[in-house]
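So, here come the structures, one by one.
Presented sequentially are two complexes of chain A, the first with chain B as partner and the second with chain C.
What follows is the complex of A and B.
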């Protein structure tokens, strides 16, 4: 019996823990994922899993066992970060944080959806807001503010150009801009490969 | 220390309230002013940054921009205060992590030094509801109630990040069945009704709305069906992004899931301080409840007229 445990169970668990993605979790201080018993409590309370193919348990399992397709799968972007899995995990694993980290790894490897890339690169980096109201194109939002007795633009980055520069400097300094450039490059290369495959067909 | 000094906050606006739902910003300002609390401006604050998107792209960037935002409040010697669950999630989680992990604080300050800023810590980021319930207290709020609704059924929507992760929130670990928001709502004479899956997510967060709008709208559809089934007159929320999802998303759900829902949904969505302000006797103009413009394609997308009719019948 104990031989079987050794042969069929322990071996797979070890393989899981040594996967490349698992190592990234460990590096990020999330070695607690080793205690996942794949019980499915996370999936059971997941409001996204009720209506999509996203299965938290499966995403975590795939990550730990080195199934890298989990990174390119849109499923990990369907978690609304409601934190029920985090709260209810009987092994105290911060499951939602694991999904967030998994997304970080995906972006690092160039798996980022177009609308997310544009939100990060063209909106947040440029304006300092995730949902901006500045510029001529956003005139109606400025008018709306005024109609409720507020100045046309809030006292945020929108009225402090030097603050936008500060944000951009920090994003450069911490490697955000580089990360986005790299993601765009990897994404582009992948798209080209796909195109070639189509041509060959 | 007198009360006014005690209740001073740095008003962290975020993105959705000031830039899409300014009526929420107006109503928070009006109610805090009425209660004798001072809101200082956080000049040059940026996006929090949003926890579901930007943290999901790069955790260190998220932490550093959050630390910069908190440091602006630190310069004024006050806690940052936000009326948004998403901003609350970011500011509070970032604060919590830096308080508990000295190496993160050190890393953040190495970057902040390049723009001449410093993150010190200690000042706890707070939610508008936290300030109302824990700083001022329910009795203080009750003393300000002038008008009470006689018959108003409210579906309270807490949202996720005001409650969770519960180890980083001030509600003593309660996340399954909290009551603080219902207690505040019921001060106004309204009845907070129970409905199925009351604590379920609105569907907007976690980058889902940007990724696949139909999935977000499906969360909202389920939520709205449960709210309608329970006979609610209005929805009360405490997060501009939930607000956007329950208002604009309500319209989207009416379109995308037309064949599933029967009659289109039309439940007015009201932010907590709008309701509370009415009960305190604050001019509805100051609470962003009266439309003074002819702009098209702006909120509220679901008419709040049925609610204003109730206000006229019961409060005036």
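What follows is the complex of A and C.
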């Protein structure tokens, strides 16, 4: 077959419904999503979706019908959790919670964006803060503090090494560290597979 | 019905011989528990002499099995373990009666609803529960006593509450059959919501053209007495003999002498919003709701009237019909049956803030659109948008407003008429303005009635109405009062933003705001959606659980005009069935006073909610009126000397059940 015809052929036909992800929603107590009538109120009013390719309803529907590509889709990270959809859903489905759960599932399965991973692993874990006050970017604030005779860093977790330890202990005991390690592992494996594929080609 | 050949004499002193009949009910019972085992178990219980199983005991053959055992003299008490007694108690009682056994020597064990349905997956558990139910039913059967049904006369007259299309049709049918009908209407005119509609789907016939002749028929029918501008304020009594008090609200205009000339309207200085046009037009303080109103006599709205006296001037009202001192009048009538046809209220869309109803002038509801389209409406059939009275070039309709909504304040049900009325209104507008852009935003189109799907198809094909599958998320208004709509076209999976010049909310139907008043007045239940509850969703759709009271039209649940008329005719037929017979049987579950135990303390008399207990001054004892007694048992539990016994639920019968229930 010539390349000319090949490029028009698409083979992504859904062969039945896979409820593996749907089951995870049910296990999380979100079985109310089954009453969705796909009215599109969530997408229609979504301020993010108006500017990006993020489609609230479609993302959830893809997840529930077993289209696992949604997990690796960057779009699900574009929800700004403004809760418009949550407030308006006529079926009273906690739509934003569904999206957050969808992200949880994605991370569990190793679909985490690099910036998110480094924020979690390199900044949050190390400093105890999601938005740390140190580094070049915060020089201005530090100078300002010093001009008032204050120490450059405010008295937070970061300035108390023993508190940072406590935070790390906490993250370990709730399984956060394990979650990150697992995500990194899965992500690495997937990257290797991709590399091999490329080599074969 | 064949009458029994040989009546079997039962005094209650003979040894009970109980027959237990366990029904498979197809697989409803037989598929969950072992019916043969239940029969064997039943046979081990004292006094059980016969135990049998059958696929369907309610079938003709099943009934014959029981009948034969009775006729052969094998048994003198019957226990059927099957479905709910609400389903088949009457069936099996008739079996007993036809075989010559007193029908109250029958007891039903509900092992379907109470055991096998609720424990479908727990076969052992269901079996244990079924055994308990059979054990208790046999215990009760052992202590049953024969009772005689009582018959009461049924007045050949009917009270119909609400004179919309449902009430009017029921009234016309009953009137034609020769029964006296009291048709009570709250507003000054009969006709109801249908009078507000312009055309009706799917035939597009003019609503007024088919309704007003019916209204005139109602007024002409000599057996129908119209109580317009009236409300039912009190109902007492029981099936066949309801005593009803109707309040005629003061019209402040003598309805006998008013000629309906309308001279008073021109001079009346008070202008206010017209309810009939949903505030889109005005009326005066003295008014008739619309020109074809029946009766066509005037009424003064005293909340608005300033009593200036202009209309009362003799040169204005020549017959001198105006009377500012008019007082409410109370009329007492006796009726045999009652039909509730109180209709509906429109869902108030102001609750849904994101749609701007009540805030933006060009956002209106479906009934307002109907008035705008109507040739008798405020714009005489030349629809325009409220902000500048210009005909809009584009209109969007949004479906399911307030319906299928599980949030607080929303209605969970589908209102059944909005898909079609929006389609109809869109078509009507397109007929007048073929160049207009019309969008209907829908979730699902429900075109289920006769001719509805075809109507919907031609709206898209012939009229070019654009159906967009998606619920509108929010709207905004621009400086021209145009409406900007944001939604998702769910079929394209893409957000859309359209600007339209008018926005119509297809609001749904709701139960009447004060339906609870009627509900408590008539002791009639309502379902969770607020509408009146029918006795059985399939088999008794127009009956209520209160004997002699029926329901018709949207009062029972949202429905379109054909369904409403059908149901009204059904309700009329059910009421007529009762009245044609002339008498009705009442279950003899009343309380009985044991005279020598009664101390005459009158505790029971003050507690009886039905006023069924009188006092015999001479004997100094309480006396129960068996017809008024509903068998609630309040008096029995209140009596300090245990002098009251309730038939069929006597202490010795209930104790026997409890003793056996607790026996290991």
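Please note the rule applied: the second predicted complex is superposed on the first by the 168 of 201 C-alpha atoms of A that agree within 3 Å, B and C clash if a C-alpha of one lies under 4 Å from a C-alpha of the other, contacts with A are read in each partner's own complex, and residues count from 1 in each chain.
Keep this in mind: contacts are C-beta pairs under 8 Å (C-beta built on N, C-alpha and C of every residue); 3 or more make two chains touch, one makes a residue touch a chain.
All of these numbers come straight from a predicted model, not from anything done at the bench.
Undergrad: Could you check whether chain B and chain C clash or fit when both are placed on chain A?
TA: Fit - chain B and chain C, as placed by superposing on chain A, sit side by side.
Undergrad: By the touch definition at the top of the document, which applies to A:91: first (chain B), second (chain C), both, or neither?
TA: second
Undergrad: Does chain B (first) or chain C (second) touch A:129, or do both, or does neither?
TA: first
Undergrad: Name the chain, either chain B or chain C, that contacts more residues of chain A.
TA: Greater contact footprint in residues on chain A: B.
Undergrad: Answer with first, second, both or neither: which of chain B and chain C does A:140 touch in the superposed model?
TA: So A:140 only meets chain B here.
Undergrad: Give one of first, second, both or neither to describe whether A:34 is in contact with chain B, with chain C, with both, or with none.
TA: In the superposition, A:34 contacts neither chain B nor chain C.
Undergrad: Check whether A:52 is in contact with chain B, with chain C, with both or with neither, and answer first, second, both or neither.
TA: So A:52 only meets chain B here.
Undergrad: If you take every C-alpha pair with one atom in chain B and one in chain C, what is the shortest distance in Å after superposing?
TA: Scanning every C-alpha pair, the shortest chain B to chain C distance is 8 Å.
Undergrad: Kindly list the residues of chain A that each of chain B and chain C touches, one partner per complex.
TA: On chain A, the residues that contact chain B in one structure and chain C in the other are 84.
Undergrad: Using the touch rule from the top, collect the residues of chain C that touch chain A in their complex.
TA: Interface residues on the chain C side: 354, 400, 404-407, 410, 443-444, 469-474, 486-490, 493-497.
Undergrad: Spell out the part of chain B that touches chain A in their complex, as residue ranges.
TA: 13, 15-16, 18-20, 22-23, 25-26, 41-47, 49-61, 64-65, 68, 111-112, 114-115, 117, 160-161, 163-166, 175, 200-201, 203-208, 210-212, 215-216, 218-219, 222, 285-286, 288, 291-293, 295-298
Undergrad: Given the complex with chain C, which residues does chain A contribute to the contact?
TA: Answer in residue numbers: 35, 37-46, 49-50, 55, 57-58, 84, 88-92.
Undergrad: What does chain A use to touch chain B in their complex?
TA: Interface residues on chain A, with respect to chain B: 28, 47-48, 51-52, 74, 77-84, 86-87, 94, 96, 100-101, 103-104, 107, 112-113, 115-116, 119-120, 124, 128-133, 138, 140-141, 143-145, 147-150, 154-157, 159-160, 162-164, 166-167, 169-171, 173-176, 179-180.
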